[in-house]
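One structure, pasted below without further comment.
Here the chain labels run A, B, C, D and E in written order, and each chain numbers its own residues starting at 1.
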Amino acid sequence: MSPLLNPLLALFLRDVRLAIRVGGGGGIGVLFFLIVTVLMPFAIGPDLALLGRIGPAILWLGALLASLLTLDRLFAADHEDGSLDLISMSETPLELAIATKAAAHWLTTGLPLVIATPFLGLFMNLDGTASAAVALTLLAGTPALTFVGLIGAALSVALRRGGLLLAVLVLPLTVPVLIFGVAASNAAIVGPVPFGTPFTILCALTLVSLVVGIFAAAAALRQGME
Amino acid sequence: MALIDLANPTRFLSLARPTLPWLAGLTAAVFAVGLVLTHGAPDDYQQGATVKIMFIHVPSAWLGMFGWTLMSAAALGTLVWRHPLADVAAKAAAPIGAAFTFLCLVTGSLWGRPMWGTYWVWDARLTSVLLLFLMYLGVIALWRTVEDPSRAARAAAILTLVGAINLPIIKWSVDWWNTLHQPASVVKLGGPAIHPTILLPLMVMALAFTLLFLTLHLAAMRNEILRRRVRTLMLMQAQAAPGSGS
Amino acid sequence: MPARWAEMRLEGSGLTCVRGGREVFAGLGFSVAGGEALLVTGRNGAGKSSLLRMIAGLVRIAGGQFAVTGVDAEKTIPEQAHYLGHLDALKPSLTVAENLGFWARYLGGGAPPQTALATVGLAALADLPAAYLSAGQRRRLSIARLLAVQRPIWLLDEPTSALDREAQDALAGLMRQHLSGGGLIVAAAHGPIGLERAKELRVGADA
Amino acid sequence: MSPLLNPLLALFLRDVRLAIRVGGGGGIGVLFFLIVTVLMPFAIGPDLALLGRIGPAILWLGALLASLLTLDRLFAADHEDGSLDLISMSETPLELAIATKAAAHWLTTGLPLVIATPFLGLFMNLDGTASAAVALTLLAGTPALTFVGLIGAALSVALRRGGLLLAVLVLPLTVPVLIFGVAASNAAIVGPVPFGTPFTILCALTLVSLVVGIFAAAAALRQGME
Amino acid sequence: MPARWAEMRLEGSGLTCVRGGREVFAGLGFSVAGGEALLVTGRNGAGKSSLLRMIAGLVRIAGGQFAVTGVDAEKTIPEQAHYLGHLDALKPSLTVAENLGFWARYLGGGAPPQTALATVGLAALADLPAAYLSAGQRRRLSIARLLAVQRPIWLLDEPTSALDREAQDALAGLMRQHLSGGGLIVAAAHGPIGLERAKELRVGADA
C-alpha cells in the first residue's frame, strides 16, 4: 500500500474501533438525538399537524446538537494521552490526519443519525417522502457539521477547555448549514422552491466547510501545541 | 517574560498616554457638533421624531461591523507576525465591537416598535446582526475562559478569521432564508434617497462614533497591556519566591 | 542497523525556551553524534522536558536553532525522532497488540510488532486491553514502540520511571544496542539510567 | 456561627466565586441558552405567529439543555483535583455539601437563565405577560433541573465519563418537569386551564426532585468513591 | 497541643484491599500510638497508597477493620485525619489565601491561615492565584493545610515529592513537632523522609 495511505487507513480503523468499543461515541450521539427529538413533542404538545410542519426543523436541530456535542473529545482525548504528539511527529501531514479522524467521526456519529432519521420521522408525523428528504439532506449536511465542529474541537485542545464552550463557539458558524438543510427538506415536502436549489447550496456549503474546517483545525492544533 | 515582549508595548504605552486625552477631547467636540446638527435635522413627515434614532442606529451598525474587521486584521497580525500588540488590539476590540452591535440591536428594535409594531422580526438584516453579536459573545467567552493570554490570542485569532469568512455566508443564507418564507412582508425604510439635511448630521455622527470607538479601543488596549504586566510580575514573583524549585 | 546513521550529528545552538510567558532557559547549546548519548540533567522545573519537546517539535523554539546532518535530508528532525514522554499514547480499550500495531503502521513500522513485544516481555499480554496494564507494563509497551519503528534519534524523558530493576537493565541494553547501531540518544533523568559514557548537559545555571 | 453553617457557607462562597472567576460556568450556560433559542427560528422559519405559539416550549427546552450540559463538571472537577476526598473526610454530611453546591450552581447558572428569559421572549414574539409567565415557571422549575441533574453529575464521577452521557441519563428524568413547566406557561398565556394547577404540580416536582436528587447523588458519589 | 491525644492509638487488623477486582494485599495489620510514626514501604503497585486511602475512608475496606482509641469517640477516623495525597485540592483561579482559607473553614480551622502560610514560606504569595504556583509551591500549600486545621492523625502519601531540600527539612521539623504533641503519622514513601525512629510496615509479600 502507498506509504501515505497506510498510516491514514490505520488511523481510520483505530478511531472507528475506539468509537465502537468505548460506546461513548456514536451510540451516545444517536441516543441524545433520539431523546432530544422525542422531548420536543412533550414540550410543544401533541398537535400532529404542527409537529409535521416543524418536524424537519426539529430533526435538523437534534442532529446539529448531537453532532457538535459528541465532537468535543475528538482531539482532546488524543491530546491528553500523548497520541497527538506522536501524530504530529509523523511524516503524514496533519491536515490529512485530521480529515481521516473527521471521516471516522462522521461514519460513527453522523451516519447513524442519518439512519435513525426515518424512524424518528414517524414520531414527528412525517410521511415517507418527507422522512426520506430529511434523511437525504442530513446525509449531505452532517459532514458539514462535523467539519465545522472540527474547528471547535481543535480550539478546545488549544484552550484546554471543552464541553459547552465548544458548542457556543461553533453553533453560530453552523447557521447557514441549518438554514439550507431545513430549506431543502421543506422544498421537497411542501415546495414551492425546487428541491435542487437549496440542496445544491447545501452540498456547496459542505465542500466549503470541508476545506475551511480542516485547515482551520490544523492551524488551531499547531497553535495550541505551544 | 522576555524583555523583547515588553519593548513594543512600552513604546505603545508612551504613545498612548499623551494621545488619549486629545482623542477623547476631539470625540467630545465632534459629538457636540453632531448633536447640534441632529437637533436641527427635520423630523420625518411619516415617522416624526423617531427618525432621529437613525443617527445612533446607523453609526453603531457600521462600527459593530468595523469591530470584526479590526479583529480580523489583528488576527492576521497574531497568526502571521506573532505581534504581541496584535493580541492586545484584538482582545480590546471584542467587547467594544460587541457593545456597538448591541447598541445597534437595541436602537433598531426600539425603532421597530413604532415602525413595525413589534420589537423584533426575523428579517435578514436584523438576523445577521444578531448572529454577529452572538459571535462576538463567543469570542469574548473564549478570551475570558483562558488563563494564558498568548494561548487565548491564537485560538481567538483563528475563530475570528473563520468568522470573517462565515459572516458573508450567514448574511447571504439569511437573505435566502427569509425571502423563501416571508417575501416582502417586512417594511423597510430606505425608500427615497436620503436628503442632505439628514445625510450631513449622519456623517458627523458617524465620525463621532468612530472617534469614540478609537478612544475606547486605545484605552482598553492600554488597560490590557497593564493587566498583562501585572500578570507577568506575579509570575516572576512566583518564580523568585521560595519553593518555586528555582 | 543502517550504515547511513553513522555520520549523524544533532546540534542545537543558542536555544531559548519560553513557557507560559516565562523564559525557562536561554542560550543553551549542545552537540551529539551518532553512537553518542546526551544526558540532560538539572533541578525540577529547569526545563529538561521542555528541551526534549523542543527537539521533538512539540514546544515552540523561542530562539536559537537545531541542525541535523548525516541523515535523510528530506525529513525534519521530529520525523526522524522517537519521543518517549510521561504520556503513553495508549488507548485503554484497545489491546496491547492493537496499540503497538497502530503506532507501527502510523509511524511507518519496521520490525514486526510481535518481536518488539517479546523483547520487552509483553508477548503473553498481547491480547489484553491496555486498561489492565500496570504503570510499569504501560511503560514497557511505550518502549516497544522504539523497537517496532526504526528512527535514528531517541528522545527519552525519564525513561526508567515506573520500571522495576530488571526492566531498567533491559532498557539499558536496548539503548546500548541503539547506540552501537549508530543511533543517538538524548535522555532527561534525575539519576543514572545505565549508560556509562554519556555526555552530560546541565540545564539551569545554578544548583 | 454554627459549626455546621460555617463550612457550608464557605463552600457556597467558593463555588460562586469559582463560577464567576473562571467565566466557564454561568456565562457559558446563558450563552448556550441564547444561541440554542436563536437557532430555533432559523430552523423553523421566521413565522412570528408560529414562533409565538411554540415560544414557551423552545425557551424551556433551551433552559433544560443549558442546565444539564453545564452540570457535568459539578462534581467531576472536585473529584479530579482531590477536593472531593477532603470534603468527604469532613464532619459535614455529604448530603448538605451536595445541596450547597447545587444551590451555588443554580444561583450562577439557573438564575441567569431566568433573567435572560424576558429578553429572549422578544425574539420569540412573546408579549409581556407570556414572557413573565415563562420566566416564573423557569424560576420554579430550573431548581428541579439542577437537582435532577445532580444525579447525572454524580454518576458521571462514578463512571469517569462526562459530557453527553450525563445528558442522556438525565434527560428522560426531566420529562415531567418539562411537561408541567410548558403547560403552566401555556395556561397563563392562552388558557384554558388555570395557571395555578400545573404550576402547583411543577413546584411539587421541584420539591420531590430536591429530596431525591440530593440523596441519589450522595449515594452515587459514595459508590463511585471505591 | 491538646493532652487528649497522648493516649491515642490507631490499629488495623486483617486488612484486605481489592482494587479493580484484584486483591492488592490481604491480612495486613499494624498498630501506631500517639507520638509514633509508621512508614509504609513496598514496591510499586504494592498497595501503599491504597492502604492510606483505606484509613482515610476513601477506598472500600474489603476485609479486616480499623480501630482508634483515645480520641474524640464521636468522630470517625476520617474526620480526625489529614490526608495528603498526590492531588492538591487547589482551585487554580482562587488565590493562595482563598484556597487555604476555604479548607480551614470547611474542615473547621484552628490556627489562622496567615500563620500557616508563613510557616511554609508562602506568606509573600498569599494573593497570587494558585494557577501560578510551581509544583513545589503547590505542595507547600497542601502542607499548610495540615497546620491550619488541627487533626491528630496525619496520612501522608510520598510527602517529600516535588519538595526541594530545604522544604523537606522544614516538613521533617513539622512532623516531629506533630509527634511530640501526641499526634501520629502514617506515611508512604520510597526513601527516607527525615523521621529517624519510625516503625516500618512493608506492604506486599515479596521483593
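Just so it is clear, contacts are C-beta pairs under 8 Å (C-beta built on N, C-alpha and C of every residue); 3 or more make two chains touch, one makes a residue touch a chain.
Because the structure is predicted, anything quoted here is derived from the model rather than measured.
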Which chains sit in contact with both members of the pair chain D and chain E? B
Going only through chains that touch each other, how many steps at minimum separate chain C from chain D? 2
Busiest interface, counting C-beta pairs, is A-D
Separation of chain B from chain E, taking each centre as the mean of its C-alpha atoms, in whole Å: 53
Chain C to chain E: how many Å between their CA centres? 36
Measure off the straight-line distance from the CA centroid of chain A to the CA centroid of chain D, and report it in whole Å. 26
So which bits of chain A are touching at least two other chains? 161, 165, 168, 172, 175, 179, 226
Counting only residues that touch at least 2 other chains, which ones in chain E make the list? 93, 134-136, 162, 164
Residues in chain B with touches to at least two other chains are numbered 131, 134, 137-138, 141, 145, 177, 235, 239, 244-246
Per the contact definition, I'd like the list of chain C residues that touch chain A in the complex. 19, 56-60, 75, 78-79, 81, 83, 85-91, 93-94, 98, 101-103, 105-108
In the complex formed with chain A, which residues of chain B make contact? 79, 131, 134-135, 137-138, 141-142, 145-146, 151-152, 154-155, 157-159, 161-163, 165-166, 169-170, 172-174, 176-177, 180
Chain A-touching residues of chain D, taken from the complex the two chains share: 24, 28-29, 31-32, 35-36, 39-40, 42-45, 50, 53-54, 57-58, 60-61, 64-66, 69-70, 72-73, 161-165, 167-168, 171-172, 175, 178-179, 182, 186
In the complex of these two chains, what residues of chain C are touching chain B? 16, 18, 20-23, 43-45, 62, 204, 206-207
Sites on chain A touched by chain C in the complex: 3, 6-7, 9-11, 14, 17-18, 21-22, 80-83, 85-92, 225-226
